[in-house]
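Look for subunit A in each of the two complexes below; its partner is subunit B in the first and subunit C in the second.
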Partner chain A sequence: MTGRQKLAVMVLGAAVAASLGAGLLVQHSYAEQSREIISAPPSAQFWLGTDELGRDRFARLLYGTRVSLLLAPAAALLSTLLAALLGGAAGYLGGRWERAVTAGIDLFLSLPWLFLLLAVRALLPLNTSPVTSVVITFLLLGFLGWAAPARIIRAGTRTLVNSDYLVQAAAGGISRRRLFWRHLLPNLRPILLAQFWISVPLFILSEANLGLLGLGVSEPLPSWGALLRELENYSAVIANPWMLAPAILLVLVVCCLQLLLGTEESAFPC
Partner chain B sequence: MLASLLLRPARRILLTVLLGGLLGATLVRMGPGFGVDERELDSRLSVSSQQAIRAERARDNNIAVFYLRYLAGFARGDFGFSRSLNRPVSQLLAERLPLTLVSLGVGVAGGVSIGLALALLTVWWRAPGADVVPALLSGLCFAAPAAVIALVFLWLGPWIGAAARWAIALVVFPHVYRYAKNQLVATSQAPHVVAAQAKGLSSWRVLWAHIFIPAAPQLAALAGISVSLAFGASIPIEVICDSPGVGQLAWRAALDRDLPLLVTITVLVALLTLVVNSLADLALAAWNLPARSAA
Partner chain C sequence: MLIRPAIVLVLAGASLAASANELRFCLRTDPKTFNPLLVEDESSSIVRFLTGGVLIRLNRYTQELEGELATTWKVSENGRRIDFELRHGVRFSDGTPFTCQDVAYTMRQLMDPALHSPVGDSFRSAPGEVETKCAGPFAATLRFPAPVAALASQFDQVAILSAGSARPGASSQKKSPALGPPVLGPFELGEYKPGAYLLLRRNPNYWKHDASGHALPYLDSIRLEIQQNRELELLRFRRGELDIINKLAPDMYDRLSAEMPHAVLDAGPSLDWETVFFNQVDSAPLPDYKRRWFRSPDFRRAISEAIRRDDIVRIVYHGHARPAAGPVSVANRFWLNPALKPGSGSEAAAMALLQHAGFRRSGAALLDNSGNKVEFSMISNAGSNLHERTLAMIQQDLARLGIQLNVVVLDFPSLIERISRTFNYESVLMAWANIDLDPSAQMNVWMSSAANHQWNPNQRTPQTAWEAEVDKLMQAQNASQDRNQRKVYFDQVQQIIADQAPMLFLVNPNALSAVAPNVKNVTPAVLSPQIFWNADRLQTGGTLVSEK
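Here is the complex of A and B:
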C-alpha cells in the first residue's frame, strides 16, 4: 500500500467513524428544527450553521454521510451478487445460457444508465416515506448496476473454466458442485471484490445525481444527494461557503476510493 | 468481409431496439395511469361515446396486441403521446433534440480534445511528476457528480457562457484522459518506439508517428463511450443549467411519471448511442482491414 493509499484509508476511516458516531458528535437530530435560528452561520453550537428550516447542517452532513456510505456498499453488494449469479453461471454453463445472458448484458449496457434509472424510479411511487425512498433508491442502484460487473465476471469465469487445472480436475472426475465451490469460486473472489469496490463510488455518485434531481432520498432524511440540493441557491452559497461541505466531502471520499482502487488502470468502470 | 462488418452492428442495433422497445412497452404498461382515460370523466360525452373510448382502450389489455401496436408505432415514428405535456412525443423530441445534440457534440469534442491533449502532453513530457496536475484535475472531475460540475459552470456562466457544454466536456474529459494516457503509455513502451528513439528521431515525431498513430484505433473506441457518458450526464446538467433539451425533458417526465415519454427518450438515446458505437467499431474495422487483407 502506497503512502497516498494509506492517507485515503485514514480519510475514509475518519468519515465512516464520524458518520457512525454522529449521535455522540452532535447534540441535535438531523430533523430537529430550531425555528428561531434559521440560516445561521457556524457557531460552537452548530459547527456548519443551520439551514433555512433551522436544522443543524453538521448533523445532517454526518447522518447523510452515514446513509450514503452504508447504503452504497449495500447496493454494490447486491449488484455484485446479481452479477456473480448471472455472469458466473453464463461463463460456467456456456451455450444458450451464456448467449442469453450476454444479450441481456449488451442490452443493459446500451441503455444509458441515468435514463434507465430515471425511468424505473418514475415507475415506483415518488411520494413515499423517507425510509422507503432510501430503500427504493439503493435497491434500484443494486438491481440496475449488475450488467457491467456481470460482463467481467462472465469473462473471468470463462477463462477459469478453460484453464488447465480446472480441465484436469474435471477430467479427474470431480463433481461439478465441488469444482464450482472448491476451485472456481475461490479463484473468482479477486474479480468479485474488484467489481464490488468499483461499484461503490459509482453508486455514491449516482445517488448524488438522483438526489440533486429530487428523485433520491426524501426529506427530512439526509443523504449527500439531498444535501447537494441546497447548492442550487447560488447567492446563498456565495454568502455561506460552508454550504459546500457536503460537495467537498463527497468529492474527497470518491477520490479516496479511487486512490484505493488504483483506477488509473480502469478508467471505464462501467 | 465488409458486408459482415456492416451486418453485425445492424443486427445488434435492431435487436437492442426490439428488446428495448419491449422493455419500454412493459414499463409503460406497468406505469401509473395506464388504462385510465380522463375523457371518461367528461360529462358531455354520451354513454355510447364513453363505451367507444373504453373499447378503444380495451385493445391494449391484450399484451401481444399492445406490444405489436407499440413497436409498429415506434417504427413509423409515432412515439406516443405525452400525458403530462399534452403533446405528441415526436413533436417534443423534434424541438429539444437539436439543442441536446449540439451541446453533446461540442461537449464531447471539447472533453475528448482536452483529455487527448493532456494525455499526449503527459507522455511527451516524461519528467517525474509531469502528470500530477492532469491526474489531479481528472481525479477531481471524475469524483464530482455531473450535477455538481454543472453547478460550478452555472456559477461561472456569466463569465464564460455555454455552461451546459463546458460541464459535459468536463464530465467526459477525465475518462478520455485516463484511457488515452494508459493506451499511449503502453504504446510508448513498445520495442518500435524504443528503436525510433534510439535512432535519434525527434520526440514530436516519435510521439505523433510511432505512439499516437498506432494507438489511434484504440482511441477511436472513446467516441462511443464518450457519447454514452455525455448522454447520461445531460440529464443533471440540463436540469441545473436550465437548458431545454432532451435531458431536462426526461427529468420532467420522471417527476410527472410520464412513462411513455420517458421510455421513448431512453430507447432513442440508446439507439443513438448504439449507432455512434457501431460507427466507431466500423472505423476501427476499416482501419484494420488492409492489415488483415495483407495477412
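Here is the complex of A and C:
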C-alpha cells in the first residue's frame, strides 16, 4: 500500500467513523429546527452553521454521509455487477447473444426511465418512512443504471476477446472457463472499476435530482444529494462558503475511493 | 464550456435590438392563443390585457370598476340585464370605428357553445340565449337567461372583437397589417417568434389621452421574451436587458434587493392562498380511523392552531407574506371579514382541541381514542422550494404534539390525479391562485356540489349541516345585487369556514416584483398584472446601471 493509499484509508475511515458516530459528535438532531438561528455562520454550537430552517449543517452532513456513503456505492455495485454480467456475456459469447444484449441495451437506454420512476413513486404507499424511501430510491437507481456501463463493458470484452494474447491462449487449448477467469476478467478490471467509480457520484447526484420528482430522500432525513441541492443558490454559496462542505466531502470521498482501489488501473487521476 | 459565450452573444443581440421607448419583460411560456375569448393560460391573459379593449375595467390599484369603452353602465333585473352607453369616436387598430355591433358580435362569439370560451363560462348562469340589442350605434343592452353574479365586473375579461374583421372580404384601412385581429387596447400584436419573443406595437388609434392631451400609450412597443428559467430572467434583469419582473420568488427578491434596493417592489399580500386540507371523500381508500380524524373539526382546527404561521412567513417567505385567517386576503379590502384571526401556533391550544376530540399523549406519540398512533402523510408538488420548506416546518410543528407527518412531494400531474380522481391521499399542501376580488369567483370552491370543493367534491347533497349552510349563503350572495347584503352573507361563510376548518389557510404570499429605474409611472398593485396594469401610462428612458 502506497503512502497516498494509506492517506485515503485514513480519510475514508474518518468519514465513515464520523458518520456512524454522528450521535456522539453533534449536539443537535439533524431534524431539529432552531428557528431563531436560521442561516447562521459556523459557531461553537453549530460547527458548519445552520441551514435556512435553522438545522445544524454539521449534523445533517454527518447523517447525510451515512446515507449516501452506504447506499450510493451499494447502488453503483449493483449496477456494475448487472452491467458486467450482461455486457461481459455479450462481448464474450458474441453472435446472437451479443445482438440480443445490444438490442436490450439500446432499448433500455431509449426508455423514458424518469416516467418509470414516477410510476414507481405513484405505486408506493404515501406513508413510506424516509428510511424505506431512500433504500428504494437507491435500489431503483442500481437496477436502472446498468445499461450505459454494459455497453462499454461489452465493447471492452469484445476487444479483449479479439486480442492477440487471448487468441493465442485459446489456440493453446486453454478451457473457456480458465480463459475467462484468468485472462479476460483481470483485464476487464480497469473498465469495471472505472464504471463503478463513475457511478458513485452519478447516483449521489441522481438522488438529488430525483428529489425534484418526489423520489429522493424525504424530509427530514438528509443525504448528500439533498445537501448539494442547496448549492443551486450560488449567491448564498458565495456569501456562505461553508455550504460547500458536502461538495468538498463528496469529491474527497470519491478521490479516496479511487486512490484506494484504482491504483495503476485508475480511470481518472485524482 | 462553449455554451456560455453563445448565450452572451444572443442576449447582447437582443439588448441592442431594443428600441428607446420599449418595455421588456418575460413570459414564462408561449401564449397558447391570441384569441381573447379562448384565454386560459397566464401568457395569453397578459397579451389579452395589453391588447384588448374592454367595456369595463377593474382598476387594479383602487379595486374599483371604471368605464373604458363604456362610459356608463347599469345592471338591472336582479343581475339579468346590463345597459351600456358606449364611448364615441373610438377606432380599432385598423381604423374601423367601434360601435354597438362590435359588442353584439363579441357576445355572440363569447356565448357560442361551439367555441367553448372559458371567459364565456362566467356568463353561463343558465341555459338559454343572451339577447343583445343595439338602440343606436352607441347604446347596447345585454339580457341573460338568469342572473349573473357580479355581472359588471365580469366584463373586465371580455376584450371586444371587431365585427368588421369577421366579414368576408373586409378590407383593412391600415397600410401595414398587424399579426393579429384589430384591437381596441393600447398595443397590437407585432412580431411573434415562437419560443423566442413576442413584440407588441403601440396602437396608433388607441382612444385614451393623458391630462395634457397627449395620446397614450407612451411606450412605442413591448417586447415579451419567452423565458421559463427564473434565474436567467433575474440575470438578464441585472444586466439591464429586461425592465420588469412581474412575479419574484421571495429569495430572489432578497438577492436582488441586496444588489439593487431601488429596483424591487413589495406590493403587500396578494389574493393567493397557501392552504392545507384533509381528505374527507367517502370513497377514499383510507382506514376508518383516519377518516374519523379528518372529519373531526376539532382535529382540523388543532392542526391549524399548531402550525406556526409567523415562522413560515419569516423563514420560508423571508417576511414577504402575511399569515392567513380565511379565504379572503387582507388585500381584498371590501370582502375581508376582519373578525377572523389566523391560528395562534400555540401547542397548548392545539392540545386542548385534540383532547376534546378524544386524543391523548402516550410518551412521544399522540394516540386517538382507539389507541391508533396519529401518523399521516401530506403531499405537495415537487420542485417548489417554498412548499418543501413549509412542509418541513409543519412536520416539526406537528411533532411537538406527537403527530408523525410523512412528507411526500409528487410531480404535479400525480398530485392532481390523487386529489381529483383517485382520492388516494391523506392531506395536501397546495397553492391557489386567486385573481378575482368577488366571492362569486369562489363558488366553485365553497359549493358542496363543486368539483373544486377539494376536501369532498361533487356532493349530490351537502353531507354536513355546515356545508348546507355555506351552500345556502353562497347562493344568496350570488343572487343578491346589494353589495352590502352580499358582504353580510359572505362574512358568515368565512366565519363558518374558520370554525369548521375544511381548509387551513396558512399564508397570503406578497406580490413581489422588480422594476428598472428607467421605467416611469409604475404604480404596483396586488392584483394581477401587478406592475403593468397601467401599461398605457408606463414610460421607459435612460439606462439601467446595477448599483454593484
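What we mean here is this: the second predicted complex is superposed on the first by the 154 of 270 C-alpha atoms of A that agree within 3 Å, B and C clash if a C-alpha of one lies under 4 Å from a C-alpha of the other, contacts with A are read in each partner's own complex, and residues count from 1 in each chain.
Operating definition for what follows: a contact is a pair of C-beta atoms (placed from the backbone, for glycine too) under 8 Å apart; a residue touches a chain by one contact, two chains touch by 3 or more.
Every value quoted in this text rests on a predicted model; they were computed, and no experiment measured them.
Asker: After superposition on the shared chain, which partner residues are touched by A:N209: those of subunit B (first), subunit C (second), both, or neither?
Answerer: first
Asker: Once chain A of both complexes is superposed, is A:V254 in touch with subunit B (first), subunit C (second), both, or neither?
Answerer: First partner only.
Asker: Just checking: does A:E52 make contact with subunit B only, subunit C only, both, or neither of them? Give me first, second, both or neither.
Answerer: second
Asker: Check whether subunit B or subunit C contacts more residues of subunit A in the superposed model.
Answerer: B
Asker: Contact-wise, after the overlay, does A:A44 reach subunit B, subunit C, both or neither (first, second, both, neither)?
Answerer: Neither subunit B nor subunit C is touched by A:A44.
Asker: Under the stated touch criterion, which partner chain does A:P201 make contact with: subunit B (first), subunit C (second), both, or neither?
Answerer: first
Asker: Does subunit B (first) or subunit C (second) touch A:L123, or do both, or does neither?
Answerer: It touches subunit B, and subunit C stays clear.
Asker: Output check: A:L228 vs subunit B and subunit C. Expected answer is one of first, second, both, neither. What do you get?
Answerer: In the superposition, A:L228 touches subunit B alone.
Asker: Looking at the overlay, what does A:P112 touch: subunit B (first), subunit C (second), both, or neither?
Answerer: A:P112 contacts subunit B only, not subunit C.
Asker: Between subunit B and subunit C, whom does A:A103 touch in the aligned arrangement: first, second, both, or neither?
Answerer: In the superposition, A:A103 contacts subunit B only.
Asker: After overlaying the two complexes on chain A, where does the subunit B footprint on subunit A coincide with the subunit C footprint?
Answerer: Shared contact residues on subunit A (touching subunit B in one complex, subunit C in the other): 118, 121-122, 126, 212-214.
Asker: How about subunit A: which of its residues touch subunit C in the complex?
Answerer: Its residues touching subunit C are 31-33, 35, 38, 52-54, 118, 121-122, 126-130, 211-214, 218-220, 233, 235.
Asker: Taking the touch rule as given, give the residues of subunit C at its contact with subunit A in the complex, in rising order.
Answerer: 251, 255, 308, 311, 314-315, 375-377, 379, 382-383, 388-389, 391-393, 395-396, 406-411, 414, 417, 424-426
Asker: Okay, in this complex, where on subunit A does subunit B touch?
Answerer: Result: residues 103, 106-107, 110-116, 118-123, 126, 201, 205, 208-209, 212-215, 225, 228, 231-232, 234, 237, 247, 250-252, 254-255, 258, 263-265, 267-268 of subunit A touch subunit B.
Asker: Across the complex, what residues on subunit B touch subunit A?
Answerer: 12, 15-16, 19-20, 23-24, 27, 30-32, 135, 139-140, 142-148, 151, 154-155, 174-175, 177-179, 181-182, 225, 228, 231-233, 235-236, 239-240, 250-251, 253-255, 257-259, 262-263, 265-266, 269-270, 273-274, 277
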